[in-house]
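Each chain carries a letter (A, B, C and D) given by its place in the written order, and its residues are counted from 1.
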Amino acid sequence: MDREQRLWDWEETAQPYLLGASLLFLTSYAVRVLVPGLSPGWQVWWELVTLVSWSFFVVEYLARLAFSSNRRHFLRTRWLDLIVTVLPLLRPLRLIDMHERMQRRRDHPRLVLEARVMAYTGLASLLLGFAASLAVYHDERSAPGANIHTFGDAVWWACSTLTTTGYGDATPVTPRGRVIAVGLMFAGVALVGAVVGSFSSYLLRSFRQEGEK
Amino acid sequence: MDREQRLWDWEETAQPYLLGASLLFLTSYAVRVLVPGLSPGWQVWWELVTLVSWSFFVVEYLARLAFSSNRRHFLRTRWLDLIVTVLPLLRPLRLIDMHERMQRRRDHPRLVLEARVMAYTGLASLLLGFAASLAVYHDERSAPGANIHTFGDAVWWACSTLTTTGYGDATPVTPRGRVIAVGLMFAGVALVGAVVGSFSSYLLRSFRQEGEK
Amino acid sequence: MDREQRLWDWEETAQPYLLGASLLFLTSYAVRVLVPGLSPGWQVWWELVTLVSWSFFVVEYLARLAFSSNRRHFLRTRWLDLIVTVLPLLRPLRLIDMHERMQRRRDHPRLVLEARVMAYTGLASLLLGFAASLAVYHDERSAPGANIHTFGDAVWWACSTLTTTGYGDATPVTPRGRVIAVGLMFAGVALVGAVVGSFSSYLLRSFRQEGEK
Amino acid sequence: MDREQRLWDWEETAQPYLLGASLLFLTSYAVRVLVPGLSPGWQVWWELVTLVSWSFFVVEYLARLAFSSNRRHFLRTRWLDLIVTVLPLLRPLRLIDMHERMQRRRDHPRLVLEARVMAYTGLASLLLGFAASLAVYHDERSAPGANIHTFGDAVWWACSTLTTTGYGDATPVTPRGRVIAVGLMFAGVALVGAVVGSFSSYLLRSFRQEGEK
């Protein structure tokens, strides 16, 4: 149990650093995709930032795997960690998970239950939508026959996908772009569905309380 | 507590006037967008109505801010008020919030819980859809390559967006039109989701009661 | 209370006849829209069936209004009756309402709660989708620039609208067709949402019971 | 009751074999649709596998029907079995049903309630989406005016249909393809809705527990 406890403590300590590394990763990726004529020096610098933050994720994951007393148990219970280590753009999904450890540091939560669910899942879907916009724009902008020419188009596509509206005036056409889109559709439908469900249950509860007052 | 109480009382007193000002604002905006050959006199008159109702919102908000004993607390708890003061077309969102104070004046609510949630959120989404139709029509009607040529097209687009159907035969193409559309998508998915959730929970409850009778 | 009771009894007695008249109305409308070269004699006959069934709805509604002890109360509580009397194609919506009276005749319901909600709302949305397909096909088939040429296209459009998929390869272009579509979207999103909500709550309940066994 | 018990026991014993036959059926169908230049020998072989697995379903269903003490009761309670016997591509729907019998063999479920609902319905919708992609690709690839030319297009269409996004850039145009699409839309909206509902209720519950700790 001692080792398990130390693993848990470590995960709690490492969290802010992982969050910082995630933001660095996303920022460097965004700069490399969005800033057009980056000078070679800056190009190398931002690629370095991407690489360093990514390798931080990998090293941290492997360290925890090596550290854990029961590796099969670790692999089975931390499968989401493996996915977001291999595909760092999915890291916003960890936000929801992170909530548990954040909460522990406070005595009592600052927001009502539904507001917390909405805040964490809403933030996760926004960041995921931003990451998907970047990746799709990166793949589609120079593809023949593409509908997504500017980053604005990519954000527009991501919003209409996350809300399952799906106008279809801007859709990915390359295989990689479509794989990213499928990921966003399924993650989006679940995350936005959770936001909507919480909002709906919050309204019912708050209207009920007034009725009782 | 005394000042807090007076702020609360004031907010309750001001509510009907704010509601009236919202309707004035929406009406004047609608007239200016929808009536084609407005004479210069009427043009100025309706612009004045828009400005006066908007400044009423701003003054009322600033007065409350000045009046409040704890301004940081005021800014944090009334963030929705700030948003709907800056963007008055989003004011229908306040309808849901308003419910609480409306209810207090009666002894007992006239409708069952779910019907109240459906009425308030349904009305809010209708008004929001109307405001979005106006704003998108205003921006798109003379844009090159636009699909939305008449106000009917704009309403059609707003309905297919609010229900997340998203046919895509009429979609905004200008940046401002798309920003409005993104707002409507997210607000719509939450509000309509709440209406659907309440309807579904109402049906389950009413079918259950019959089973018990 | 006596008159109120008699009104209630009458409504229970009239129900099977109203259901029969609804089916007659829908059948005659379907025949007139779908069968191309109807001979003048049959044309008149089916128009007569439409008219007779519709006038039955109107007479029955007015009779109940005249019969009721408190007309303002009647108008306020039976507003759905007024709507489906004026627009008989919306009559499938009454199915959900009808459930209560159907149920009373049995000792115990034959299906579990969620299955009953799914059966009634599912049937209502199917009939509503069929009625909307007929009406949209009727309006769109000869409209210039229409996408809906065959009844199959109309059904395809209705299905993609009810599920809020909204491909957009077949959409109404005439004003009347779009008004019908907006009605189907909102009714559809609520009814199908209720079916999905019941299915989801049924699954959670049935999985829970097994866990407890 | 003895016969009823033996029927139940038989259904429990036959389950793994039915699952195996389903996978064989899907595999052979996939090979026949996806592998382009199949030699006549292999063609016959895979057609044989399809036929044998299908006839296994039919024989098993008829055997159970013959075996049952009350045939009308059997037909009424096992209507889903009849559907998936006639249309074996819908067989993934049985997965949800299967859960009950799977569970019985263990002492206690390995996953929390919502995770089990998500796992079974998620897997069912994935397999259903795969089967629908195969069937639509089979029908559409050589249809005039089709949008779905490759299997990738079909998978892309199936994903955008299951999540009710409905971009509309790839949609079936043949009558058979559209019938399959309607089936996928309704099955998809229910299954994915159940996944989203469970995810949402899981989040609310897990956030609540932390609040209580």
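The criterion applied here is as follows: contacts are C-beta pairs under 8 Å (C-beta built on N, C-alpha and C of every residue); 3 or more make two chains touch, one makes a residue touch a chain.
What you see is a predicted model; the values in this text were computed from it and never measured.
Colleague: Enter the angle, 0 to 180° in steps of 5, of the rotation superposing CA atoms of subunit A on those of subunit D.
Modeller: Angle of the fitting rotation, subunit A to subunit D: 90 degrees.
Colleague: Have a look at where subunit A meets subunit B and say same if over half of the interface residue numbers show up on both copies, different if under half do.
Modeller: Since fewer than half of the residue numbers are used by both chains, the interface counts as different.
Colleague: Hey, how far is the Cα centre of subunit A from the one of subunit B, in Å?
Modeller: Centre separation, subunit A to subunit B: 30 Å.
Colleague: Could you work out how far the Cα centre of subunit A sits from that of subunit C, in whole Å?
Modeller: 43
Colleague: Which positions in subunit C touch two or more other chains at once?
Modeller: Each of 164-168, 196-197, 201 in subunit C touches at least two other chains.
Colleague: Which word fits the touch map of the chains here: line, ring, star, complete or other?
Modeller: If you draw each chain as a dot and join those that touch, every dot ends up joined to every other.
Colleague: Which part of subunit D faces subunit A closely enough to touch in the complex?
Modeller: 152, 156, 159-160, 163-169, 192, 195-197, 199-201, 203-204, 206-208, 210-211, 213
Colleague: Within their complex, state which residues of subunit A touch subunit D.
Modeller: Touching subunit D: residues 96, 99-100, 103-104, 108-109, 113-114, 116-117, 120-121, 161, 164-168, 171, 175, 178, 181-182, 185-186, 188-190, 193-194, 196-198, 201 of subunit A.
Colleague: Would you pull the subunit C residues touching subunit A in the complex into a rising list?
Modeller: Residues 164-168 of subunit C touch subunit A in their complex.
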